[in-house]
Amino acid sequence: MTIDTSIVEESEELAKPSQAPMTGVVAARGRGGFGRRRAGGKPPKFLFMRNSKAVAGLVILAFFLLIAIIGPWIAPYDPSARSSDVLQPPSWQHLFGTTHLGQDVFSQIVVGTRGVIIVGFVAGILATAIGVIIGVTAGYIGGLGDETLSVLANVFLVIPQLPLIIIIAGQLPSVGGVTVAVVIAITGWAWGARVLRAQTLSLRKRDFVEAARANGESTWRIITVEILPNLTAIIASGFVGTVAFAVLSLITLSFIGIGNTGEWNWGTVLYQAQAQLALQRGAWWWFVPAGLCIALLGMALTLINFGIDEFVNPRLRSTGVNAKSLRKRGIRPRIGFTPVVRETDAPRTAIAPHLAEHTEPTDAARPADAARPADAAASAEAEASSPTSKGARA
Amino acid sequence: MTLTTPETGARRAPADDPVLEIRNLSVDYGYDDDPVHVLRDVSLTLGRGEVLGLAGESGCGKSTLAYAATRLLPPPGLITGGEVLFTGRDGRKTDILRLDDQSLRESRWQDLAIVFQGAMNSLSPVYRIGRQIADGILAHRPGMSKADAMARAAEMLELVGISPDRLRSYPHQLSGGMRQRVMIAMALALEPQVLIMDEPTTALDVVMQRQIVEQIAELRDRLGFSVIFITHDVSLLIEIADRIAIMYAGEIVEDAASLDVYQRPRHPYSSALLHSFPPLRGPRRELTGIPGSPPDLAKLGGGCHFRDRCAFAWDACAALAPRLTAPDVADDDPRRTTACLRHEPERVAAAGFEAKPVPAELAG
Amino acid sequence: MRFFLRRGLFYVITFWAAVTINFFIPRIMPGDPVRALIARNQGRIPSEAEASLRILFGLDQDTTLWQQYLDYWALLFRGDLGISFTYFPTPVSDVIAQALPWTIGLVGIATILSFTIGTLLGTGIGWRRGTWADSLLPISTFFSAVPYFWLALIAITIFSVTLGWFPASGSYDRSLIPMWSWEFVGSVIYYGTLPALTIVISSISGWILGMRNMMVTVSSEDYVTVAQAKGLSERAVMFGYAARNAILPQVSSFALSLGFIVGGTLVMEIVFSYQGIGYLLFTAVAAKDYPLMQGIFLVITVAVLIANIVADIAYGILDPRTRQEG
Amino acid sequence: MTSLRIPGPDRPDAPTGAPGDVVLQAVDLRKHFKLKGLGSRDVVHAVDDVNFELRRGRVLALVGESGSGKSTIARLLAQLMPLTGGSIRLHGEDAAVRNRRSFRRYVGRVQMIFQDPFGSLNPVHPVRHILTRSIRIHRGRLRGAELEEALVELLDRVQLKPAERYIEKYPHELSGGQRQRVAIARALAADPEVLLADEPISMLDVSIRLGILNLLQDLRDRLHIAILYITHDIASARYFADRTMVMYAGRIVESGDSESVTQDPKHPYTQLLVRSAPDPDDLEARARGARGEAPSLVKPPSGCRFNPRCPFATDLCRTEVPPLISVGDEREAACWGYSDRPDRPVLAPAGRGAERIETEGGAA
Amino acid sequence: GCSGDSGGGGDTGTKVLTVGMPNGPQQENHNPLATGSASLSLGYAFAVYESLMQVNEIDPTEAPTPWLAESVEWNPEYTQAIITPREGVKWSDGEDFTADDIAFSIQLRKDNPELNIDFPDQYGDISVEDGKVVVNFTTGQFVNEVKLYKLLIVPEHIWASENPVDFAGGDMIGTGPFTLKTFTPQAVTLVPNENYWGEKPKVAQLRYDAFNDNAGLTTALTTGEAQWGWTFIPDYEETFIAKNPEHYHQVAGGGFGVDVLYLNNETKPFDDPAFRQALNMAIDYADITETAGYGVWPEITSVTGLPQPSGDAFISDAYQGQEREVDIDGAKQVLTDAGYTWDGEALVDPDGEKVSFKLTNPSGWTDYLDALAIISEGAAELGAEATVDAIVQDTWFNDTIPFGNFQASLHWTDGGSTPWNMYSNIMDGASYVPLGETANWNFGRYQNDEVTQALATYKAATTDEERQAALDLVQQRYVEDVPGIVIWSRPAVAQYSTVNYTGFPTAEDPYANPQPTGPQAALILSKLVPTE
């Protein structure tokens, strides 16, 4: 269950600070002179792909997508087929062991990938679509329409999501994957809508939107062509978040027995395992892999979201190189203590003779000095020493 | 009442009694294999009691210089060489870049304080300004009581012309000008010897700017600190600074007394800069502007970086990097320097290029 | 004043809408409590009982939905939530009152722990970006990506069944009688440890991440640099300036998550056989116990709304910019 | 709403009508913003009773300190927000738009350039898209070669040559000056008669500013566009504008031809403004000791809005709003000091205004 | 086990017997008459209140053991019962137990339809004559005889002044071996009744623990935290008994409860008795019992579908000893005879359509779904394509089952003390309603007047011969028409641990239904003795 939802209505001045952590997205266009502005402008293309987290996430996701597509063909067994190898631990015949009916757990997981992915993506797409339509419209039109849509979104946020899903899912005649996805979408769009609304609200006041208006663009075009593309990252991260949420919801629903246990997905595998007390019976292989797959998929989605966040908010970007190489160079990035790395350090530590006299603490009034002599000695250096690094650079 | 002493000679030369010497400071942005070399061997000296103006167009590295000199450059800034020598009242020199964390913390704010461009962002929005002034004091005067620190904060506020009952205000309750003054009060609380001000008035309108500038001048006269004043508004600098250093693309290209810079620029860039803004009074002079745009610091080649935009560039400029030297003009103040090959005929000749004379515009 | 009026109106409308949805959703669900009861008992309650159960639950009269809706509001204004079917004839308010403290206690403490630890970790990670601390992120992400019940069941298998360190189910030692004795309170803590730990582990990542990102954002604000320039100690800068500002949005989402505590963590309560409102809601849904369902929804809605008000106020207290004064 | 002008690409560069004809006229313009929250019926008096005319081929500068309502006027003229009172007349006819159609027609003639070239271009679209949209809106569905030609011609007009180099670029790939040029090109795509330039250079670097000003000047001269030039840089108004209007707290306080307004300011506020601007040529003529800040626009001071800061203010100034009084050739100032009322304040002679402000400013 | 000491340790005199129930935390409601009250849900009502007679469901032919009633005599039509109360019984508050209490308790049910679960609209006059209670019924109650015996008796002196529907039970004044000590939502503690009329129970303390679900209870049973309870434990031998083979036991009672695969007799393909028969022959019942039911639900071997041993006495002579077995060839023969053909592997019905059907059940009911999977395999052997369709429980229960919106679906039957309920639930024409209307039993819409008549006769008959004759006919039709398919028996199952107490019913000595939630609890509790 998501808990960090907020229905606090952003008062305008709060919009920026409060938005940041929720979405992880901060408009990077600070007011810090031209240099910084330039740095904070639209990042070059493919920067996203350079983010190692995002790449790792995309690779994992692509793997699961592939399995989702080809799963039924590569699964070694029919996931529902019984065999005489009942409740066998993992072996070469059954990579993840077998169930109480002798079904191959590996095949169930491979085949079940599709169900998970479909539900995740259908829910993600639907919820995002609803969220975009309602959020952006509310943010742009303002006034009464905005208030109404906001209340709608907030009501959906106030109502606890999982119970609502349980109730709605309970009403549907059948609980195929897609219906679960629809239910998740119906209950899960509100958060995205809120974030988008807030963002649209701030975009609406941007000059380029004003400029488009002053140029006579139609409202519809302003929303779709001028505003929406600027929300891509937020929409994408909302989408990814919803997919993750939908996957977890599906699995939880399956686990508490709502949802179609006849359709193979990781949740039904877990449900079966739990209903048959796999853990109590020591059949960990039945329970553990599906959970790890979910965790892996969830992690992949989170990593992608990290990537998006960092893409949108350059401040979050990791320091460029991994910690190891920073350590190797002796750099510790810190606020307020810029690292000093001298490529040609050796000759610079000598104390210039004519400065030596200054290094003695002559004035006791400043206690700080007492603690510093060694350092001061090290730092005070030959005035005459010639610039050493210039040649190396040129 | 002016900051500038009109006669150049009467000013103390910076080298005589320097309070801050920046030597060969080099700064990179980026920790990876392909960093941007933003500052390359920049040297600058600030004399005691002097107001040093640092001008140059946006993005040329003025702020970087100020932050690097105080080691406040945010990641991914990296200082790759040079030293920043601070000379205390007792004459002891310390290299700020070599101080350990503890000593650096102790040195900060007492020796050298800094005022940033946006006062809005320089004050934490959640604390009352009194507290923000006082905690800087308390950090360096451990024995001081809170009440005393507050009293000192009140005193400082009064000094900058804000009523002490504003101590209990939050930053957002103050206007931009007041916030900027609060920052100045905060910076002066420990009576530092050096005050670095990075575009302290850019966000304000002219009337407010005038007030702040006057405030600084008055305080300097009273307290006798030195100031590095950063802006790209040259006309403002000419008014308030004793000496001006003009930066271009991460390097200092001219360093001279302010009236000298204004009336007798020696570097083509300084000269062009002075012809880029219209005068408010007097004859409408011709404005030439500077053609082209500043180079990308990430892709700097050799030679003079200004050559593409320079009216006096010739083939030597692409090959030789100019050095800061005394201008090749007779009767010039010997302490002024400029980095232009037109003033380095010997070097040009030595490198096998045709040595060209200083054009009249740069020798006036 | 207009602001508060608008907020007030917003709360009222949200409340009305939520209550209305809460009213209608159970009623448009197929089935009714009696059949649900019979279905659940799979033959253990004879089918002839249906008629008598219908009379028992008062489902034998036909009233229009609209009339029921009006009656519901009338009852609500009298503070009467009706009588639960599942626990007939206990009033819904009693049923909820019995379950609520457990949920609030356990989930509340877990949430507070999770928030505190997560925020502290996030502060550290955000402050020391680019160091080993960053590697904590993927680990915490993993635990938040794992389905909660999976984590909890494995925890039970390992720590309760195999190692026997913690009890596998219940809220306290069943041989004890609830009272303010050391023994009982100790038992409550002992029984709550594993559920609380699993909640903390699976929810901490959100707090870490939120705080970390905010720290990173705030760290590059000028006032943090100014604080460093002032020569304040590392602690003072990190906590007093960076974290103090970075925490603002955390606090408001914390207040909100406190609201959702009341909703309980259904799955936790199922897995750990913990008595609480989440499980109660689950039971109510399964049993088509409309009054109970509505009652619980109402309580949750009110709690979330109150939490929102608290969040509004908390933000106001922590962020002077929102306060209107001089 | 009838238009004599046929919009289209075939419109000749030299339009009909003589330079100096009134194109756009603001009559008793008034804008009050409702204040959010707190139920009170307070309004921000952003613009009050503003009258002026924009003439073909002329530049009117609007100067004044931050928050005095300059941008609001521009937005009102662009009809981006509804008026609270007064009217806008285009060629003598009420230009109030009723529907989208008439709005489009209006914006085809009155275009606006925003202050911030970094914010006014959508970062997700390349130059081509930005300009194509504008062309399509105002000139109909151009395609293929025709469109290409129009694009190149537009970029040419703003001196972004060769066009190919810029046409596919995204805003972040352009420098500030180039971006502002694109923004201007977008406005020119409509072949407007009026250009509302809201601080078009304030976010730009000194060296780039001039280029934009020269470009605008060129447009004025070549296309005879009427330009409203908003700035608070009074020197650039002198350089660029034919007439200058000074605003203070939502009201026009002085207007006249630029040269005389800047050289011989009549209104005490204009005097303060002019003397506050840094001017290296005239270090002595600076205003000193000016204190105080712009008044609240929610509860503006009664009478002359400058009275709390004015060293000459009398009871009259505090009670009655001064009308614009003719103070010379085509010059007006809203100051009682120029009326012939017996209780009028006595202003210091123009040249010595500064000292008056200096000596009495503290008390104000 | 974390709380092993609470269950396992301690002196003989203070050992606690913990009964675990998977119904979640409870509200304090001790009313033994209100469905859903804590006392019924957890079952402690049966330790405090007692019934008239003890019936051994495992052996229906065994005469009931007198309990609160010395005897109950019925007239031949089973419309009148004369109850003789036991002498010397006292309520736990010291008051005497009398015939009036019995009459009151029965009258209470008659007067309050919401409490009258067992004999709705069937009570006639209830009176006390000569210290005996005379209960009249409006219809013959031969098949419901046992229900009367099982009624819990409450004290008139307490209940007369209360509204029995929402009375929370007060201090639980009963005649049973235990009295209430404490109630908490998680656990209810009982201690022996000092005034008990029988032998003083040897269980020093009895505690009913609430768990939130089967898994929780299973864990508790395996750790010994709960010592008596009943839940479906998959692979109970490994999961449960193997944890402590000496002390952990699972026993199954008897009774006539079964699970039935209802076949929709009015839609294809089950409108053809031949196909129904063939399917019946193709299903591997042993596999179903073993795999889907883990052997918890005993296999039914008799072709009549009657569970054994409780059904032994009822099996018609014609089918005595005939056992169900998988006979694919036979089944195919039946189909061939009925005009079915095969298209390759696929079965084609006489109309030329391929045979396929859906097996519908609520998702999450894993034992049913597993059974359906095996049934579909059987169908596949015949060439019929059967798919398992898991649907939402509520839909299944509210739309699918009553309206006949299914082709085949598993459902339970009522237990009862004779085979009547089972057969009636499957094939009683009296319950027939057309498809689309709400059916109450006979979900498969089997209609055969003979059978309907026979079932009615069985209920109303006054002699055993008449009854057996009727039952013979019903069995014959069941075997030949296959209106539905009984797949396994659904006896009362219980798990218990003998770590603290012994004396529970065992497979060898099945003296009572072994579950704690029923009137037999009083009997079992009286037989328990502490271990050394």
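Observations
We call the chains A, B, C, D and E, going by the order they appear; numbering starts again at 1 in every chain.
Rule of thumb we're sticking to: contacts are C-beta pairs under 8 Å (C-beta built on N, C-alpha and C of every residue); 3 or more make two chains touch, one makes a residue touch a chain.
Everything quoted here is computed from the prediction, not taken from an experiment.
Counting only chains that touch, the fewest steps needed to get from subunit B to subunit D is 1.
The most central chain, judged by C-alpha centres against the centre of all protein C-alpha atoms, is A. Comparing chain pairs C-E and A-E, the larger number of C-beta contacts belongs to C-E. Here the spacing of subunit C and subunit D, counted between their Cα centres, is 56 Å. Taking each chain's centre as the average of its CA atoms, subunit B and subunit E sit 92 Å apart. Centre-to-centre separation between subunit A and subunit D, using Cα means, comes to 45 Å.
Counting partners per residue, subunit D has 36, 176, 205 as the residues that reach two or more other chains. In subunit E, the positions touching at least two other chains are 215, 219, 222, 394-395, 399. Chain contacts: subunit C has residues 3, 29-30, 129-130, 156, 161, 219-220, 225, 227-229, 245, 248, 270, 319, 321 touching two or more partner chains.
Residues of subunit E touching subunit C in their complex: 1-3, 6, 16, 18, 24-29, 34-38, 113-118, 120, 165-166, 168, 182, 184-187, 189, 207, 209-213, 215-216, 219-220, 222-223, 225, 257, 393-395, 397-399, 412-415, 440-441, 490. Touching subunit A in their complex are the following residues of subunit B: 23-24, 26, 30-33, 37, 40-41, 58-59, 63, 67-68, 71-83, 85, 88-104, 106-107, 110, 117-118, 199, 302, 321.
Contact residues on subunit A toward subunit E in their complex (touch as defined above): 80, 82, 87, 100-101, 169-175, 257-263, 271-272, 274-277, 280-281.
Note for the complex: subunit D touches subunit A at residues 36, 75, 78, 80, 100, 103-104, 107-108, 111-112, 114-116, 118-125, 133-134, 137-138, 170-172, 176, 183, 186-187, 190, 205.
Considering their complex, residues 1, 3-9, 11, 13-14, 17-22, 24, 26, 147, 150-152, 154-155, 157-160, 162-164, 166-168, 170-171, 244, 248, 251-252, 255-256, 270, 274, 279-280, 284, 287-288, 290-291, 294-299, 301-303, 306, 309, 313, 315-316, 318-319, 323, 326, 332-337 of subunit A touch subunit C.
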